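One chain, chain A, links the two complexes that follow: it is found with chain B in the first and with chain C in the second.
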Partner chain A sequence: MDTTLLVIQLLNGLQLGILLFLVASGLTLVFGILDFVNLAHGAVYMLGAFICASLTFVTGSFVWAVFFALPLVAIAGYLLERFIAQPLYERDHLDHVLGTFGAILVIDTLAHLVWGPAGIAIPLPAYLDGQIEILTEIVVPTYRLTIIAAGLSAAAGLYWLVNFTRLGMLIRAGASNRTMVSALGVDIKTLFSLVFALGAVLAGLAGMLIAPITEASLGMGNNIIITAFVVIIVGGIGSMKGAFYAALFIGLIDTLGRAFLDDIFKLFMSSAAAENSAPALSSMLIYILMALILSMRPQGLFPPKLR
Partner chain B sequence: MKKLLVSLLGGTLLATSSIAADVKIGFVTTLTTPAAVIGKDMENAVNLAIEHLGGKAGAHDLEVVFGDDGFAPDTGKQVTDRLVKQENVDIVAGYIWSHVLLASRKSVLDAGKILISSNAGPSQMAGKLCNENFFSASWQNDQTPMAMGEVLNKAGVKSLYIMAPNYAAGKDMVAGLERTFTGKVVGKDLTKWGADAQLDFSAELAKAKASGADGIFVFYPGAAAGAFTKQYHQAGLKDSLPLYSVFSIDGISLPKLQAANFSGIVGSKVTQQWDPSLDNAANKKFVSDFKAKFGKYPSFYAAQSYDTINMIAAAVEKVDADMSNMDGLRAALKSADYASVRGSYSYGANNFPVQNFYLREVVVDDNGDWTTQVVDTVLTNHVDPHVGDCKLK
Partner chain C sequence: MIVMNPTKNTTKRVAKVVILVAVLIVPLMLSTFGFTFYLDLATRLSILAIAAVGLNLILGYGGMVSFGHAAYLGIGAYAVGIPAHHWLYGGLNMVASTNGFLQIGLAILASALFAFLTGLVCLKVKGVYFIMITMAFAQMLYYLLVSISEYGGDDGLVIDTRSEFPLISLDDPLQMFLVSVLSLFIIMWGVRRIAKSQFGMVLEGIKGNEARMISLGYNTFRYKLVAYVISGVICGFAGALLGNFTTFISPEMIDWARSGELMFMVILGGVATTMGPLLGAITFIVVEEVLSSLTIYWHLPFGLMLIGIVLFVRGGLSSLLERGQKTDD
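Let's turn to the complex of A and B:
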């Protein structure tokens, strides 16, 4: 196994991890603070991709499209909270699942009606569409590095927001003990709306970033939402730090599994058997990992401190 | 009132308006999930065929009932059961996906009805699972990549990296290519497929590049084709690792690739049994009317669906809509005596077409639209490799 390929695959894993973090962070915020299971989080991810795709053709530039699409996704998140999540806060988790599952069906069908079944390919500006040689022989697509950079800045911004602002303080307090927060006279309703919209922006951003790679397509969110749930369960529900590390970990495991598992299998079985079993195992790898971690640490790797 | 409501509900499940027709055709395809883009093309072609026929096979009324397989074998089987048992259709046709067709075949064949595939051609159903009541209006999965293998040999490609989705057809495609390709396969990736298919191929493309192969062969039908092509383009592999594909760069993906201006794809070559540029009267009428009505070139899925309906109509006319005359129906279908848009062809012992395979090139037409045109005939009257395992005579 040569090191060049390993470094490139590590970068690929990092890029996948970053995208997973953007989706999972919103999910963990909403679950941790609002105690609300939001299956429709993936639908917002899809919505972000489609809105960004349309705006790319309107503005002529992917970068401007992202810039304008983010507030639109925040509004979508706010509406989702106001009309679907809010009436369900008092109910139990099963009702949350039912309500937001319904929202997925509605949003998917709306997207089908508005954008058609075909999905939309997003062209990138020339300066993002090439490749960069970061070290000798290590050539990676510029856009994948852009995703890593954009995702890391979003993570840094989130870190600052959660740890060094008044809103962040309330978010952390809400995650630890929300009854106490509302007892202290904090307007919990506005806080909830803000958190929900913030989560939507993060998911929407992830959708916009992935769209030029996989294109905006119907149901794209339903795929990633399952992995995002794996991330927040492994990381510890409600924990930002947990979501970050777990997302990177899962991104790396998934990518390295796809990249090297068949070569590893070939060391001790026939190459035909390796070719058959490697794809099967690599698609299960993250779930096996989740089961292992849950059996040893049911609360996840970095559970939020509860008082 | 209650009864009315129930029948209304039933009606929405299977989009149909049933006024007693003489012959009822069930057509299963994918109408939801991103793969609905293929299903829509097929639905359009079926409706166009019915329109061209005036809704009749000879003097007999035809009716088509569509069913959605949701890109999943279990849903596909359920909808097939419903078509056979509740809608009581006479013939079941359609099926984009090999794994869906394999799961659904027994529902139709055990009921003693005719089953026609408008796309999927799994090796099992050409070989051991062949059946006198099953016909293919398309091809057997191995054949198109076998044609591509010949093209690669001619082009002097010595080593190849292969990528395909991990399901029945993906495996057939890889096997088909390896039947004819004489060079060395230096690496192979089978990726996750279905409604939650893997669409980010970063790890696989990095491996392909590192393998130092002369070229890369892929099979990514539907939405995955766009995703793959873009990432291939973004990774800058165009010159170092030329792309050879089957069922990926087609009438479904080209309009989207054109909209996003991935000009690197113009000039790339694919193999297929049909092409919009094929010079016969039926094809000319089909392509020009399809374009006029739906504003795009038909895909091969559409062409095969159009053929399916015409093939059924010709057979129904021959038996005078007596659907209990199974021998007559089978003989009529097997004669392939209808104006196919691929030109004339015949049926082999396993009821799969014996037909030509062409090399096509992506070109820009006079209106600036991207399409394909035939550059060469690779295989002539080609018989699929599984016919020997079939016990039918």
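Let's turn to the complex of A and C:
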């Protein structure tokens, strides 16, 4: 394997990791603070991609589309919270799962009705569509770097928000003892809505960022949500730090496994056998890792200290 | 259980018998009048009901909410499809056969193995973790099947020859229906026996208060694992029937929406009851048939219905959990 391919695959892995973090952070935020299991989180990711696709054609620019789509996704998140999540907060996790499963069916079918069964490709502006030489002779697509940069800034912004602002303080307080927070006069309902909308924005952003590469399509949310589950299980449910490290780890392992596992296998088995077994194993790699990590640390790698 | 009202109990008993007889007789009658479509529908219903009965063992009696039980349907179906494929096209001489006993044995063995291995991991955790991990393992299997191009990958595989048994031919829709519905009755009876045995009592005890059962000296992990494997095997068997019924296998059978539908059947029908999964499956099939005949976007009203049930059934669906236990005799 040559260096260029390795660097490119590393970047791809990093990009997948960042996107996974954006999705998983919303999940873990909502679970950690609201104690709510949101299966429909992937549907919001998909919704972000579709809204962004439509707005790209309306505004003529992908960047403006993202800018306008984010508040729309926040509204979608708010509606989801208001009408489905909020009445279920006091209920069992089983009810959360079933209620949001229903929500997925509704959102998916609505997206099918509005945008049709085929995927929508999103054209990139010229300045994002090129290639860039990062090291001598190693050329990578500019847009991949843009995704990584945008994702990292979103992660940094989230870190700042949770750790250094009053809202973040309330969020952390709500996570450790929500009754006490509301007893101190904080409007916990609004806080919860905000957290939910924030999670939706993060997932929506991830969907928007990936859409120019993969196009906005109907099944995309359901594919990423389970990987995001793997991320938060490995990282420890409710832990932001865990979600971040686990997302990068899973993203890299998955991408590198798919890219290089057959080469590695060829070192010690016939190339025909390697070509047969490598795709099968690499598609299961992250789940096997999850199983291994869980059997050693059932609480995940970085379980939250609180509660 | 304490007998609350003898007459009410008799009525319930009669109602149950009526439902069971209806499931057997109505499709037969309709098919003699030429409505063979309903015979196929009833076959599918019976097969899904078997899977729901299997899921109910752990979800209802054991309180383990598995969101990945469609995986076993897939395993069972592939255990029919793969030997049939090799029988026709060569390769893998060990399993290449259309012998029904071999295929069903393979389905049971493979589901037991998958349940045992994944159970070792996911039964270590509870609640949301359990839901997510069962889902992840099913997804793992999904991607595995997608990646194996020999068995059609994403597109799936047509089963050219159904399982062959002495005296029975599954190619005949009537016999296929009878095999499915009788299997359903036997498995319902079997799971009922398990639930009423000491094993079942321990399982319900674990659902109620696992810490207490541990203090009482029960190895709760082992009980849960055994229940999990039995449940997987039942669903695997249902999968083998499903493969024979549809004569088509694809990774789509393992899609998490299928697992969600199974959960829906169990919970809607009433968890931890003998009749619940059957009632749930009947409801699901009827709703699906009616809605999908009206519109191809039938998931929209179905989803809304699901949300409505979760939101407005008093105390949530999990209250049916308690209610179901008290009234089931």
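Note that the second predicted complex is superposed on the first by the 303 of 307 C-alpha atoms of A that agree within 3 Å, B and C clash if a C-alpha of one lies under 4 Å from a C-alpha of the other, contacts with A are read in each partner's own complex, and residues count from 1 in each chain.
The working rule: a residue touches a chain if its C-beta (ideal position, glycine included) is under 8 Å from a C-beta of that chain, and two chains touch if they have at least 3 such contacts.
None of the values given here were measured: they were computed from a predicted structure.
Aligning the shared chain A places chain B and chain C in steric conflict. In the superposition on chain A, A:132 contacts neither chain B nor chain C. Once the two complexes are laid over each other on the shared chain, residue contacts for A:16 go to chain B alone; chain C is not touched.
Contact with neither chain B nor chain C is seen for A:264 once the two complexes are overlaid on the shared chain. Touch criterion met: A:222 reaches chain B and chain C at once. In the overlay built on the shared chain, the residue A:184 is in contact with neither chain B nor chain C. In the superposition on chain A, no contact is made by A:75 with either chain B or chain C. Contacts of A:283 after superposition: both chain B and chain C are touched.
When the shared chain is aligned, chain C comes close enough to touch A:84, but chain B does not. When the two complexes are overlaid on their common chain A, residue A:275 makes contact with chain B while staying clear of chain C. Superposing the two complexes on chain A places one region of chain B into the space of chain C, and among 43-51, 61-69, 97-105 or 259-267 that region is 97-105. Chain A residues in contact with chain B (one complex) as well as with chain C (other complex) are 112, 222, 226, 279-280, 283.
For chain A in complex with chain C, the residues that touch the partner chain are 31, 37, 84, 87-88, 91-95, 97-99, 101-106, 108-110, 112-113, 222, 226, 229-230, 232-233, 237, 279-280, 282-284, 287-288, 290-291, 294-295, 298. Note for the complex: chain B touches chain A at residues 32-34, 36-37, 39-40, 166, 188-192, 195-200, 202-204, 206-207, 210, 223, 226-227, 230-231, 233-236, 252, 255-257, 259-262.
Considering their complex, residues 2, 4-5, 8-9, 12-13, 15-16, 57, 112, 116-124, 129-131, 139, 141, 143-144, 210, 212-215, 217-220, 222-223, 226, 255-256, 258-259, 262, 275, 279-280, 283 of chain A touch chain B. If you check the complex, the residues on chain C that touch chain A are 65, 67, 118, 120-122, 124-125, 127-129, 131-133, 135-137, 139-140, 143-144, 146-148, 256-257, 260, 263-264, 267, 297, 299-300, 302-307, 309-311, 316-318.
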